[in-house]
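In what comes next, subunit A is part of two complexes: it sits with subunit B in the first one and with subunit C in the second one.
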Partner chain A sequence: MEIRNRAFQITAMLIMVALAFTCQVHAKEYKLGLSLAITGPTSDAGNPYAKGVEDYFNFANETKILGKDTIHCSIRDDQYKTSVTKRNFEEFLDDGIVLYLNYSTGSTLGLKKDFEEEEIAVIPASFHAGNLVDSNYIFLPIASYSEQVVSLAEYIAVHNKGDKAKVAMFIHPSAFGRGPVEDAEKSIAAGLNIEIVEVVEHGKDLDSTAMLKRLMSKGVQYVICHTVQSPVAAMIKDASRLGIVAESFGQEGKITFMGAHYTGGNDLIALAGKAAENFYWTTSYNITSEKNDGTEKQLALAKMYNRDDKAANSHNYANGIMVAQVATEVIRRVKEKGLKINRENLYKELNAMNGANAYTPYTTVGPVTYSATDRAGVDMLQIYSVKDGVFRKVGQPITSEFMKKIK
Partner chain B sequence: MSYFFQIVVSGIVVGSIYALAALGLVLVYKSSRVANFAHGQLIAAGAFIAYALTVWAKIPVFFSFIISMGATFFLAMSVEKIFLRRLIGEPIISVIMVTIGLASILDGLIYLTPFGSENFSFPAFLPHTPLSYGGVSISWTQLVGVIVTMVLIGGFSWFFKKSTVGISMRAVSDDQFAAMSVGISVQTVFGLAWATAGLSAAAAGCIIGNITGLNFDTLHAFGVVVFPVVILGGLDSILGAVVAGIIMGLIQQFASGYLDGNWGLNGTGEVMPYVILLIILLFKPHGLFGIHEIERV
Partner chain C sequence: MSSNQWLATGNFFTAYKQEQRTFFTHLDRSVFSLFLALLLIWPMVFPLSNKYMLVIDSTLIAIVAVMGLNLVTGFAGLISIGHAAFVGVGAYTVAALCRVLGDSHGLVTHFWPIVILAGGLVGAVFGAVVGLPALRLKHLYLAIATLSFQMIFEWTINFMTFFNQGQTIFVGRVFWFTGKVMRREHYQFWYYVTLVVIILSGFGIRNLMKTRYGRCLIAVRDNDRAADAMGMHPGFTKVYAFALAGFMAGMAGALHAYLYRGVGFESFTLHHSISYLAMAIVGGLGTLNGSFWGPVAIQFLELQVEHFSGFAGEYLPSSMNLATALRPLTFGLVIVLFLMFEPRGIANWWRIVKSYTKKWPFRY
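So, the complex of A and B:
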């Protein structure tokens, strides 16, 4: 009797172990990689971006968006060095990642061929239009820098009082900065009613007086910035001191300052203080100073993972969340179809994210639409302007007309 | 004409700040013949300490700047004591390599704080309305920057020429063993050189931080940006740093004001100082005020 009892106990235990093992086998872990600048140059953007990615994947795992399956995203600091990014990417490949999240323009351009060879879909934090040239595997999260700059130029053309608006561009001295200039010039050739008077590539300027006075003497009414916040802050502080910042859009005799995604946000206000007032900025992201369901979810996520106010309210935190949401959603869709989660199927599914299958993350002002011929995610852009120390919406989301013409 | 004078004023302002930022490099080189590649990190540290005291500890900004200069004085002195003291007598290249490593360590430490990856700005404490005369304007921040620079540079010049400690530092710079033989403590002199460099770096950091905002990348880059100033002035000359700083500032502003945007030129404000630097060094390889040493063998 005792032997039979023991045999029963052992059998039951074996069955339980087997069951547990089976459950383990069924719960899959999908590996992703993110290499970015958590420290080093541009880490003011990279740091909250990494937090957004990490928090959303944790949230997705904890709320079982993929059922029992989980996402494991390795996040590594590359200090904005392409050589380190490449090493990280290669190690991620060895780990068996199915989707890769990259960061800078330089490393995205530098590794473009690797992405093609590996046939792996990549979503970078760089919105450089050149990323898409000769590339099939790079998916921009939102409208390209070119689209952002041309949209701002179109906004000027529509709202400028008087003849052809005189515009200067203030850009980062790199491929990242120079990228949109050519598309802005092409748009003008295609009929966009503005004149680019000068393109200024900035350095580490302690005083922009000479440059600003030169622009004033040339009759410049608008400056479109495409760089990072710090040089813009230094310039608009000087402009504010000289009393040449327009208090309303296109104010006569003054300059209206505008900028693309990485020039604005709370970091610009933190650096420039009151001089940021009336700065116009465009991005495809919702911002927390204009509350809606999406920003509430963003703040709730940040609270859930004990992020400080600065990270919680950063548009780069929103940026990170959005990229993680897209990655999670594409895995969910492939899984729903009963297909294997691998590079090939995720790539196909990303390309199918359009029309009725378009996906709207909660941090963006419009849906993500990818296809085999369009790999820029959110096409909509929202213009914001600083009023009383916070960014406020200006009108409704827009899309660029001229970018469609010059493509 | 006001455009011309505005550029002159801007050039002098920028040049003065360059001179102040360069001063720390000169002070360390003057006493130890070492080019300090961690100088930018000291500039950033000084600015961040001042910000933390002002905003977090609620100390009035003026006192925060003074305390920050004091704190960076001791920080730099400690750095010298911990990392560099044991290298006295070793080849200069070894010490320079240590300063490069030191820059990485300080980078890493700053990245552990919010200052490593966030942006801040000092609360406004000077009048916002600039001083203007005849179409030429200068902000209060810039004016204070120029005054602080001149006071510090004047003070250091006096210190090196007239004070016993300053003369000891020059003696150590000239010949360490000879200085030791007359009872000068080389260790103390090196520590003091680093400490005063830290102090001037903090002053530069506070002024630059007020102008550009507090961004670590921007601030520590000034440690490298001012190298041409030091080379042009002559590595061991305080007067040289001032003159070269102002020359660089003027060249930068004139190039930006008159060349950029014309004849298809762009970014000349960044390039021209280096072009002029190369030309001057062709004729004066030791810089404008550098000492041409002749060794008898």
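So, the complex of A and C:
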């Protein structure tokens, strides 16, 4: 009897040890990769973006969102060079990543074929609509630049007093900048009641006086910018000096300046100072100057990882968090279904993120919806404008009507 | 091979023809053959990750480009600061074919050696055209003429819809006798292709320097009036120096297009032209082996700066953005230091090492 008891005890202990060992073995690490510009051009956006990604994955691991499993996201600086991004991507592939996070428009377009070949889902920081052309694996986090620009144009058409509004576009001299122009023109052809008077591709000019005077002489009432903050800041400072900035939306005889995601945020205010007043900006992200649950969580996350105020309040920090949230959520869902975490299952799950399965991260103004035919995440856009030195909400989130028509 | 057994201890040539040899001694030839064998064998014995193979392939392509730059700037003494544009011409030759025929057309994927040569030829044509101002211009003025070509190239690519306004134009995967070259073997495959191009070009340039055309280059560099007085044609020599440089650069560009499986404008900017010039200076202008040392040294430096930038970026406040400034700062410093203290470049160190080992244990 005693021997049987002893045998039972030993067996039970062995089972417990085996179970404990099995549990430890079952804790898995899922590898992800992010290549972005932490140094070099656009690093002012890349830096907080990287911090957002890093902090959220650390948070997800520490709070055990995936149970005992963890996410390991390697973050590499590519200095905004596609050749370096390619090198980083090759390194990530050798490491066995299951999902890839990319950054610039140039490198996303440049590596598109590699993504297709490798059949790996990619979430870039670029919202260029061209990323989705001839591509099945690129998932934009939010509405495309085209949608942002067309939404601003629709806002002008609705709120302009008088006849057809005269609009100029101020764009970056690259595919990133030029992308939305064609869609804006298509929207006009489809009935959008504005007139594009001129498309200005900015250089590295430090003075925009001549350009602004030309636009004024052509009767331009609105300028929609699609570039990065510094050229916009240089232009609106000149506009402010010339006294042509509208003090209210569509003020007669003055110009109302507007811009897409990468033109605005706190960096613009820091660069342009008072000249940024009344600048209209659209993005799908919540911003910390308009407090809500989401922004509170964003600030708490930044505090948890000792980020400075600049990073904590950056919309690109929110941008990075959001991308990490989507990646974590899709892994969680696949895991919940008892499926293996691999490229194929993550891709399928991302495509199923719609309808009742739509995901609402705390960083955005609307839910993330992906499907086999729609790979732009958050469709809702919030318009903000600078009032007394901070961005304030203008109305409720909107979606573009004309983008649906021209698709 | 060597009819003169005393060559290892000094110059004992008795005929001009003896001086024309590629290898002077059996030892020279054996060491070179062994080195070549090592270059061919090591990727099979110690396979590297794709990441590092990509770095090595890029370095080899830079070597091809710098060999061209060394011809025009090192041997012929004509400053070119638009070399990346010539590399771009070669790359965009491949891209243009892909735009017209499709990136998976048989000509692009099966006849790639011909396409690479075509890239070189188009580069040579552009080189000759850009070289025309060299008939009238010298020194800084010629440098400005080459700079203007760089600007015209950038503007053209950036605005022409045919070239996708500078955004990537894809190039299909090539075929070899074993079938389609897929990702697994892609970087190793292009390692061997580029290596073959370097070996052939290296022998080509070495032999060119023994011909009257090669000697013309050096004569025109040293004193073009004297060269003219001796019956050479300085104008023609300058134009063909540019054409040769364009040919090498064009081939490098075509190889770049195939390696990266795409052509984008950002790889052929003025910044890259300066990098090529830095490679040529650091390696040693006017020496063949300097074309090998320079790209290796600069790529190595670039990787180290990259690692250090990442390291420094973690500890420095992002507002300082010192890491961003590190690269241009380091490169500028390296070029200045080399120009001040070792204008003959790393090739001179190699010459000293060779000379020392040859005479060892004697000091002179």
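We take it that the second predicted complex is superposed on the first by the 386 of 407 C-alpha atoms of A that agree within 3 Å, B and C clash if a C-alpha of one lies under 4 Å from a C-alpha of the other, contacts with A are read in each partner's own complex, and residues count from 1 in each chain.
We adopt the following convention: a contact is a pair of C-beta atoms (placed from the backbone, for glycine too) under 8 Å apart; a residue touches a chain by one contact, two chains touch by 3 or more.
Small disclaimer: the values here were computed from a predicted structure and weren't measured.
K.L.:
Aligned on subunit A, subunit B and subunit C: do they clash or fit?
P.N.:
clash
K.L.:
If we overlay the two complexes on their shared chain A, which of subunit B and subunit C does A:47 touch? Say first, second, both or neither.
P.N.:
The answer is both, since A:47 touches subunit B and subunit C.
K.L.:
May I ask you to decide whether A:267 touches subunit B, subunit C, both, or neither, giving the answer as first, second, both or neither?
P.N.:
first
K.L.:
Would you check which partner chain A:110 touches, where first means subunit B only, second means subunit C only, and both and neither mean what they say?
P.N.:
second
K.L.:
If we overlay the two complexes on their shared chain A, which of subunit B and subunit C does A:303 touch? Say first, second, both or neither.
P.N.:
It touches nothing on subunit B or subunit C.
K.L.:
Figure out whether A:404 sits in contact with subunit B (first) or subunit C (second), or with both, or with neither.
P.N.:
Touch partners of A:404: none, neither subunit B nor subunit C.
K.L.:
Touching A:234, do we find subunit B (first), subunit C (second), both, or neither?
P.N.:
A:234 contacts subunit B only, not subunit C.
K.L.:
Between subunit B and subunit C, whom does A:39 touch in the aligned arrangement: first, second, both, or neither?
P.N.:
It touches subunit B and subunit C both.
K.L.:
Is A:173 touching the first partner subunit B, the second partner subunit C, both, or neither of them?
P.N.:
Both subunit B and subunit C are touched by A:173.
K.L.:
Answer with first, second, both or neither: which of subunit B and subunit C does A:81 touch in the superposed model?
P.N.:
second
K.L.:
Quick one: which of 55-63, 73-81 or 109-117 on subunit B sits on top of subunit C after the fit?
P.N.:
Clashes occur only in 109-117.
K.L.:
List the residues of subunit A that touch subunit B in one complex and subunit C in the other.
P.N.:
In subunit A, residues 38-40, 43, 47, 173, 310 are touched by subunit B and also by subunit C.
K.L.:
Please output the residues of subunit B touching subunit A within their complex, sorted ascending.
P.N.:
Interface residues on subunit B, with respect to subunit A: 3, 6-7, 10, 13-14, 17-18, 107-108, 111, 114, 116-121, 124, 128, 130, 137, 139, 142, 208, 211-218, 221-222, 225, 253-254, 256-257, 260-261, 266-267, 269-270.
K.L.:
Touching residues of subunit A toward subunit B in the complex: what are they?
P.N.:
For this pair, the touching residues of subunit A are 38-44, 46-47, 173, 197-201, 203-207, 209-211, 213-214, 217-218, 229-230, 233-234, 237-238, 240-242, 267, 270-274, 310.
K.L.:
Mind listing the subunit C positions that touch subunit A in their complex?
P.N.:
Checking each residue of subunit C against subunit A gives 49-51, 54-55, 58, 158, 164-168, 170, 183, 260-262, 264, 266-267, 306, 309-310, 313, 317-319, 321, 323-324, 326-327.
K.L.:
Flag every residue of subunit A that touches subunit C in the complex, lowest number first.
P.N.:
Residue positions touching the partner: 38-40, 43, 47, 76-77, 79, 81-84, 86-88, 90-91, 93-94, 106, 109-110, 112-114, 117-118, 130, 173-175, 178, 308, 310-311.
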